[in-house]
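For clarity, chains are labelled A, B, C and D in written order, and residue numbers in each chain start from 1.
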């Protein structure tokens, strides 16, 4: 049986269907998980998709992190389960403390929906495992608060432990150290601002996101087998 | 005067009858008040007068334009719902229907650009999901004064940010639009928004109340004093800026509420829990209740006390006319209420029973000639309660359809002939064509980069191309291989010269835009933005536009399935240029590959398709062209002629080639397969060949060398029915064109790092690219 | 002299405040049953150089009205304090 | 008792404030040569029901820290005033 990926839906999330269909393309069985769920029964991986959970009011992710499902996600992550936050999902992960740092407003103070190129800078994560280091991928960005920020000590830690998984080739938003995506120390929780699910079909311009999604599905399959 | 009631004479509800001139303050004329008294057979009270005031406003009743709009062709094989409902709907095949609608939010955006534009997006989305369709795409035709002063920049920034913040957050991609700068919009910007949605054909719902005893359920946001009087004050009165009295009416949009409302309403419809539903937009509950009742031919009792409020102390008339955003009114059978309530709770959407459908068909309207469509017809009564007390009681149809229809005087401008004679084609000398070309370049990406245009994974061609091309797919839709394409177009500079011919040229351009992505046109929606209808020249423009659009639609065989009229677009006494905006929907049978880009490719030949010369004395006319207006300040003259047959031949030819390419079929049995024949395609429109070629070169990031262009007139003319294609198989392309009766000539080749039109333009590509890329940023973000 | 200005910009009463309302709706789930009437606004701090307090106040108010707030929907409130008297470096 | 709370959330010193910087850059063109050091933040107002001021302060501070500010980048400042004494309706 293929790996089961749960895609969390907060009120205001809007990329859930896209994420489900992209993961199915990548070989998973994907289902929606409503934010009030208190357990993740039988999932092999959890994805927090893009969108505007709770309208992004206050700060992106600030209210969503208190949803009941987030306790379950934290337990799942602590047990080593693969967790991926895309865009708004990345913001929820930093707000919840599952990943360090914060996502602040883009340098240009405007929303930015544009193609971007990212480079794989670490393969020690459930999202990049199996890819060749240095691989360049064309994956679009779509965010207002996508500029990654953390203090110097955190940045040193991220670098030293090889936890920056993706960097922009051309920094679109002012992210510190060109960071597009990071992972936790264990490599099982990953957040990134670009949208790999939007690069899952050449009909739409790029399929470069598929290797990332497949890597996550493979990691989930390992969980499943274990 | 006949009796308004079949039963007992009704005592006037308890509010005091108001002495004049309250009706005038509410925007009603003395004659209109007389008609109301005739309908009610008594003086209206203040609440009732407020209802008529908002519902009989120009914005809600179309009283100046209605008799003209009737001349538009509105039927066709695919039309499921034509004008008159919240959105037009066509049958797209495969069990999928497509709903489309366009609206203006001009006056609110002039006062508070961010919220005005944001609530415009919110409103158009509700129009579409009211029909049971999931909104899948938004487009935003925008018109401003030149962005060279702080106020215009504030307007542009604010409007774009408003559309961006609302559209992105609510989760509907904005896939294209228009951007026009002209001094006539400096005091009165235009913000039009179009929304396209799709639904399984069998989920189609119409906004009507039925079934006595059914419940009227208000869904969504609480009701505050937002936009009270907004309909009559903001939409019907001229706007001259800095008007403090109008300010408290500004509505603030909440895309998060709207997102939940969309999900809840579509879930309610999927579960078959509602029998009718209507969005609350302009005129709020007054409009929603009266239209639901009028269309269903039933009565409705509504209790304002049951309406959840945001503010204390609201009077019944305030509750009824509030334009608080993000609200819907659904009709529900009583047994379904618990399920409705539960489903709304899941989405955290407020749901309150505020009324009941009645079978009181006693609201017969008296005959009246020269008025609305309701003479003598039966109509349910709309009764408004404040708890137990009846505070208003009117025939629902008299609000919804009973406004007088005006035949306003119209007059051709006296100087029409002399203006037409003042043509720039022969009289303007050639200048530095390279410099002129560079000033005309306009890259709208500064705008559309702020919009999520990819959501739903449907956007095959987004903003930046000729038309947006989307997969016809979405949550809950049956699987399909089809695509939909949509484009918005306008050309006020043409319509100012000749509204009748101008609007036809606009439709022709839209058809060409669709051809570039392989789509055949199936339906038109229009937003008619005009000045003050009390000016006879403005009414003439409107009338000419309707006739021109009607003729063009008939010639192309495309029905008009919806529209919107925005009048009183004027500031400091002068009217805007006539600005009809068309949204045209096209279909692609099979969408498997990306269409050719708007680009030149290395080594590819540039082929000009279509006739290079117009007939008559001005074979390369410049009247009304961007070159004449923007480079020479010449706004008069003759428009280029439109030959419908030739236009259909060339757009049909290109459209079928591109359709072949995107459909990925076997292609021509012998020769080059469809998907290989075209490397790039683009229509020739604003700015003529010069701008079209430059856009293709810049997008392809490659130089081009073109020869044989016969002077600046051929370079800049906006003669219609011409398209550019780039191909590695020019002989094959020209041969196929010839077979289709389409003139085709190789005029150049891609390559190198210069943009060259022999004897006319020679620019390094980096310079051209810079002019293009910085065209907006340099003006909007001066350092 | 140098003055420290602090401008708070809030939506005018009666204008919908979706952000405040959304925060308020989230509070019970976080255990804040005792908090109500949440309003969300913006805040700005800046320094004004002026000869006297009156001038400083006028300048700060102008700035608030012209740039920081949109008076159509927002009110602004200014708090001004002396930061450095004339002649002293700030 | 009911207390009125006002929380100002500002980026911590040393953290880039592009909004403040953008406003500051726009100032000279608008004739505000006398304004400097612009910082942009957010402001929240709400009411707290509590038995006494100390409790109210603690609750408001909790709310500011747990929800209104992101401690990775922001500081918050609270101003609390009595709005309605115990027993009186607000």
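Rule of thumb we're sticking to: a contact is a pair of C-beta atoms (placed from the backbone, for glycine too) under 8 Å apart; a residue touches a chain by one contact, two chains touch by 3 or more.
The model shown is predicted, which means the values in this text are computed figures rather than measured ones.
Q: Just grab the chain with the largest centre-to-centre distance to chain B, centres being mean Cα coordinates.
A: If we average the C-alpha coordinates per chain, D ends up farthest from chain B.
Q: Where are there more C-beta contacts: A-D or A-C?
A: A-D
Q: Using mean C-alpha positions as chain centres, tell me how far chain B is from chain D in Å, no decimals.
A: The mean C-alpha positions of chain B and chain D differ by 42 Å.
Q: For chain A and chain D, let me know how many angstrom lie between their CA-based centres, rounded off.
A: That pair's centroid distance is 31 Å.
Q: Quick one: report the Å distance separating chain A from chain B, using the average Cα coordinate of each chain.
A: Centres of chain A and chain B (C-alpha means) sit 37 Å apart.
Q: Hunt down the residues of chain D that sit against at least two other chains at once, touch-wise.
A: Chain D, residues with two or more chain partners: 30, 67.
Q: Which residues of chain A are in contact with two or more other chains?
A: Answer for chain A, listing residues that touch two or more other chains: 54-55, 57-58, 63.
Q: Spell out, as numbers or ranges, the residues of chain B touching 2 or more other chains.
A: Correct list: 254, 256-257, 348.
Q: State the interface residues of chain B toward chain C in the complex, per the touch definition above.
A: 111-112, 114-115, 221, 224-226, 247-248, 250-254, 256-257, 310-311, 324-325, 348
Q: List the residues on chain A that touch chain B in their complex, please.
A: 11-12, 14-15, 17-18, 21-22, 51-52, 54-57, 110-114, 140, 142, 144, 195, 197-198, 200-205
Q: List the residues on chain A that touch chain C in their complex, please.
A: Those in contact with chain C are residues 54-55, 57-58, 63, 66.
Q: Can you check the complex and tell me which residues of chain B touch chain A?
A: Spelled out, the residues of chain B in touch with chain A are 161, 164-165, 168-171, 254-257, 259-260, 347-348, 448-457, 459-460, 471, 475, 591-594.
Q: Which positions of chain C touch chain A when the two form their complex?
A: 18-19, 22-23, 26, 29-30, 40
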